[in-house]
């Protein structure tokens, strides 16, 4: 029954990586909290680098500087 | 003044269906909690089936099996 | 499989009202989008009036003025 | 370490405006709460006007009426 | 830089279990997506069973029936 | 009409600081995007330090080490 929301920057995350995250997080919730995987929901949201800020500036700007 | 966030898989939800959800949820909050519809916000987010996991796997995979 | 998050101010919402919201929202998603109620999750979050702002000020301040 | 999520309608928000929001919100959290800007995350989400409801109807419908 | 939000029912989750979830999710994001753990944020929210609905009814009601 | 959610650790944030954040964020959205402050919603959520993870561990553990 848990609900997990993962937000990452949109930078070529593959379907296989997404499936890996979904499987991994669901397993963690089953092993640590005994949750039922059948009703565990994981939602991944990919955010454009213009729309993600850290350190007071967009990731787009940081990537341009090589960060 | 309530804020409602509805997340569903992106599977051809029409503008009419979205309008129906917005109207229905706003009416519920007015009738049950006496909230002012003028400041009730409803945000619908559609999520790609690769990015939505349940039962430890992406919905894309489940759909392929006919689930 | 939908996930719905409802945020309202913490102002004496009863368990019956919460049950009514959960039932009503789940029914809407079944009727309008054909979603399975068994995997529809509704999470209600109650927020202190000091922590909810509208019009640039906390609801606590507005309530004191009778709004 | 704070996390801020800003949701607005998708109506031609420029990269400069987004950068301004990110800088402004991060500065506020530093000045008011003494938070470290280096670990302050700001995520902006733009929502289609069909998917944003207020007053019981989608913003698309309100825009058509000139609201 | 990812942000993860985990919502579970408030049913005696221990500090050790929370630490395990935080460590596990952070490790997954490092291993699968190569994310920097130093800026990976995980927020766990515990929700009262009256406020969590599934199958159209609150978890409180389901727990009373032994579900 | 924007919706802003601010999550911070629960560490003695005063009502005055919350009012400052609400005013500041609302002003930013008015000045940068021309949004109407009357329908701008800001919700602040305070999260226990056991429930907030960064760098793979809870903030509670980091605070004990003086971080």
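Should a chain be cited, it is by its letter among A, B, C, D, E and F, assigned in written order, with residues numbered from 1 in that chain.
In this text, contacts are C-beta pairs under 8 Å (C-beta built on N, C-alpha and C of every residue); 3 or more make two chains touch, one makes a residue touch a chain.
Because the structure is predicted, anything quoted here is derived from the model rather than measured.
Listing every chain that touches chain C and chain D alike gives A, B, E, F. Counting hops only between chains that touch, chain D reaches chain E in a minimum of 1.
Centroid distances built from C-alpha atoms place C farthest away from chain A. Least-squares overlay of CA atoms from chain B onto chain E yields a rotation of 180° to the nearest 5.
Annotation: E-F is the more contact-rich of the chain pairs E-F and B-F, by number of C-beta pairs in contact.
Put simply, the C-alpha centre of chain C and that of chain F have 20 angstrom between them. One finds 14 Å separating the Cα centroids of chain D and chain F. A straight line joining the Cα centres of chain A and chain C is 25 Å long.
Counting only residues that touch two or more partner chains, chain D has 1, 3, 7, 21, 25, 39, 41, 43, 45, 52, 54.
According to the touch criterion at the top of this document, the contacting chain pairs are A-B, A-C, A-D, A-E, B-C, B-D, B-F, C-E, C-F, D-E, D-F, E-F.
Within the complex, the chain B residues that touch chain F are 1, 3, 39, 41, 43.
Put simply, chain D touches chain B in their complex at residues 7, 45, 47, 50-58, 60-61. Remark: chain C residues 1-9, 13, 17, 20-21, 24-25, 28-29, 32-33, 35, 39, 52, 54, 59 touch chain B in the complex. Here chain D touches chain A in the complex through residues 15, 18-19, 21-23, 25-27, 37-46, going by the rule given at the top.
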